[in-house]
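Scroll down for the structure; my scribbles are underneath it.
As written, the chain order gives the labels A, B, C and D, with residue 1 at the start of each chain.
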Amino acid sequence: MESSFLGINTVNFITSFLLATAVFLFMFMMGALMSWSERKQSAVLQDRIGANRASIPLPGGKKLALWGFINNLADAIKTLVKEDFKPRAYDFLMYNLAIFFAFVPATITAAVVPFAGVLKPAEFFQAWYLKWIPWLPEFFTNNLPDFSFRVQVADLNVGLLFIFAISGLNIFGAILAGWSSNNKFSMMGGMRGASQMISYEISMGISLLGLIFIYQQVDIWELVQAQRELAWGWLPKWGIFLQPFAFFLFLFAAIAENKRMPFDLPEAESEIISGYFTEYSGFKMLLFMFAEFITIAFVAVIVSTLFFGGYSVPYLMADGFHWPWGGFTQLSHATVVIMEILSFTLKVFFFCWLLQQMRWSLPRFRYDQLMKLGWKILLPLSILNLIVTIVIVALGGF
Amino acid sequence: MSYQLPDFPDMNYYDRKKRTLLDQLYVKEIGRGVWITSKHLFRNLFKWLTFRKGGVVILYPEEQRPDLSPNNRGRHVLVQRRNGSPRCVACQMCATVCPASCITIEAEESDDAIIQKRPKVFNIDISRCIFCGFCVEACPVDAIRMLPTTEKLVGYNRFKMIYDRDTLLHWNPVVNDDVVHGYNPI
Amino acid sequence: MSNPLTDFILGAGGFFTLSIIILLFAIGSITFIFRRTLLHMLMAVELMLNAVNLSLIYFSRLHQNHDGQILSLMIFVVAACEVALGIAIIVQLFKRTGTISVDAYTTERG
Amino acid sequence: MDFNILMYIVFGVVAIAGGLVLLFAKHPIRGAMGLLASMVALAGMYAILQAHSIAIFQLIIYAGAIMVLIIYFIMLLDIKSEDYLKPFSKLFWIGAPILALLAIFFIYKLYTAIGGKPNAFSDLSSVAAPEQSVQDFGGIKIFSKNLLTKYLFAFEYVSTLLFAAIVAVISIVQLDWKGRKNE
């Protein structure tokens, strides 16, 4: 690093900054995509057509509707210019603080998730399809030949627990919004949210303990690395193969934690208007909705990281495909990294799709059914799963 | 009544089926539900990708239902006399009977001594109209009718949805004489 | 090998941390003694426990020893038990008297 | 100045400010939010003091569970305004300054003892900052190894306490006062 005119700290800082921006933008784009697919996917699966009216007129009489994407833009503009209605006798501080509690944890939890493996810029920009960038290849090979970084914003050694800690803060948004709105429906939504979260946080944690036992890690980077190994030479050690039962438990608990259908009791439209954000209007309501959509993307990110090998593609190592039957396909570094990012994005897309599909397929649970499912079924099953896993690990099974 | 409730061994008719543990996990049923909706989703997506219309709905102002009944109550028209003036005598019967109060009529003195009155203003607020057809039944001189078509009953704001006398008289430049003009009892 | 953070923790940071501990404990005890609401008293106990936890963590860092950290985990558990029991008792008292003000609980005055 | 040191000071100030909010805010929910801010700031301080696992446990247990419970019950209790509009007892303006002066006196004594000196705590500290052990110190692996071997008895003892607390809470909540309200 002696030859570089930039200090390595500066380069690290710039890299972290760019990575954080990219991850933040990724979550935001996923949120925007979710709010589009909430409309369009529901329409298509119900044999409807969906949002297509909002459009930008083009010269020549055509209209640019982008399959309903312009509706999102129109929504943003509309909510910005709407009246900011405030309920009577509301609590100003808590009313506004609730938005931050709902929005911030949803966006920052993706910081500990790796989006791809190690990226070496000096090697990355040598690929033939990136050579057109004029000065970057020479810059990195001349100044920073050994520089490499993980495509992960924060490499915490307690990353998995960090996710739990921050997503546990998410519920304050619902509670405070419900309490400060001075509305009985909001209040009920907030109470439902709190008790639902307490019921499901436990089984969510315990269902993941088996995974921690098998991989002996809570560092998410190491978890993903462990999932890239192969069992019996051909099966990737993904969480879904080692802990198939825990996957379903975790998925249900995560949906319930996420306050989505079929567990969306806190904002059950047909019962308590809009739950905890009944009294929010304009851009504040948009932020609540957007936080909810980002949380869907976040659940998808976590599920694909913990149970589907994160960014890993089966048999793809740092230099190419090592096929289980002995073949080897050489790939350049840039291709590998891009394939990893694409693989992660596709997994996230799939789970976003699955969560939306479940949201539009299933009816809502009754409240006592929800509580019964959480305490009497999911919790004992996750403890049972944990005990069985411990016994197998102790006998040397994995 | 000869109907007998089905006799289940351990069940009364009000009991539900006993749910096993697998049922209570709901995994099977959730899978079935998602499978059914996914079938619809992918079928429609395939239709979109092959440039066909995926949904069964009708994009209203551009498309019309082809199977409208000839008795359908659609758009209002005012029937004309030979000279092009409306046959309406401004008797206010339709405005009185209208349950949505969407008809506004102002009368003025007619040139013709026999007819006495004619509408100076004849507005129908089509955004409030409920298409019940009472106005057609109430009209003593058969001046207002409803066409089966629902073509272009749209507008970008609520003032464009108020149709005045001339619009109702000349609702379509290409007038079908048999429907409107051809009927002339006088 | 001079890490500025380590220097800070060994020097001025120690004074800063101990001041924070004293202030937090003082605020907690003032709240506990002089606020006349049961919920505030419960939360003040939490604040004092937190102050103690900070001292444990700080000295554990200073000695590079895990005893303090584990003791603070035990304090977490004790605090959780205490809050659960305290909330249960407050709910019972509220059911009985309809208020959470300490001044209202005068039945033992004789 | 190092970024960590700056954040350490900011977190300390936020912790004190949260405590003051708890002391002076009228409504219990404001006080609870102050306490929450204090706890989150303390978690940040723990993280900078390299107790990563304790910082996370602080967030999970205190912020995620205990504060949710407290706020939940503040909402549930339907507290009337006369309960908190006279928040302080009569002796507050006598007692609170005495306690505050006591705290300031402690801090003053602390300052005269160790305040200005660099490396004032060097004598106390057994290991200053060996870079290698700093990386592992406070991590979840060493922490849990210690917890489950050296401190196993304390661990089990505390879990017994938790179990007893669960039983106690359930039995307290099930008490019915309705029959003997006017004793």
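Here, a residue touches a chain if its C-beta (ideal position, glycine included) is under 8 Å from a C-beta of that chain, and two chains touch if they have at least 3 such contacts.
Note that the coordinates shown come from a computational prediction; the quantities given were computed from them, not determined experimentally.
S.K.: Among the remaining chains, which ones contact both chain A and chain C?
M.R.: Chains in contact with chain A as well as chain C: D.
S.K.: Taking each chain's centre as the mean of its C-alpha atoms, give the chain farthest from chain A.
M.R.: Using the mean of the C-alpha atoms as each chain's centre, the farthest one from chain A is B.
S.K.: Averaging only over C-alpha atoms, locate the centres of chain A and chain D and give their separation in whole Å.
M.R.: Going by mean C-alpha positions, chain A sits 31 Å from chain D.
S.K.: Centroid of chain B to centroid of chain D, CA atoms only: how many Å?
M.R.: Whole-Å distance between the two chain centres: 66.
S.K.: How many angstrom lie between the CA centroids of chain B and chain C, rounded to a whole number?
M.R.: 68
S.K.: Which integer distance in Å separates the CA centroid of chain A from that of chain B?
M.R.: Using C-alpha averages as centres, the distance is 45 Å.
S.K.: Please output the residue numbers of chain B that touch at least 2 other chains, ranges allowed.
M.R.: Residues of chain B never touch two or more of the other chains.
S.K.: By the touch definition up top, name every chain pair that qualifies.
M.R.: Pairwise, the chains that meet the contact rule are A-B, A-D, C-D.
S.K.: Under the touch definition given earlier, write down the residues of chain C that touch chain D in their complex.
M.R.: 1, 3-20, 22-31, 33-37, 39-40, 42-44, 46-47, 50, 53-54, 57-66, 69-70, 72-74, 76-81, 83-85, 87-92, 94-96, 99-101, 103
S.K.: Quick one: which bits of chain B touch chain A in the complex? Just the residue numbers, please.
M.R.: Contacts found on chain B: 21, 24-27, 30, 33-34, 36-38, 40-41, 44-45, 48, 53-57, 59.
S.K.: State the interface residues of chain D toward chain C in the complex, per the touch definition above.
M.R.: Touch list, chain D to chain C: 1-2, 4-5, 8-9, 12, 15-16, 19-20, 22-23, 28, 31-32, 35, 38-39, 42, 45-46, 48-51, 53-54, 57-58, 61-62, 65-66, 69-70, 73-74, 76-77, 79-80, 82-84, 86-89, 91-92, 95-96, 99-100, 102-103, 106-107, 110-111, 114-115, 117-122, 124-129, 131, 133, 137-138, 142-143, 146-147, 151, 154, 158-159, 161-162, 164-166, 168-169, 172-173, 175, 177, 181.
S.K.: Touching residues of chain D toward chain A in the complex: what are they?
M.R.: Result: residues 29-30, 33, 36, 40, 52-53, 56-57, 59-60, 63-65, 67-69, 71-72, 74-76, 139-140 of chain D touch chain A.
S.K.: Mind listing the chain A positions that touch chain B in their complex?
M.R.: 41, 43-50, 52, 248, 262, 354, 357-358, 360-362, 373, 377, 381
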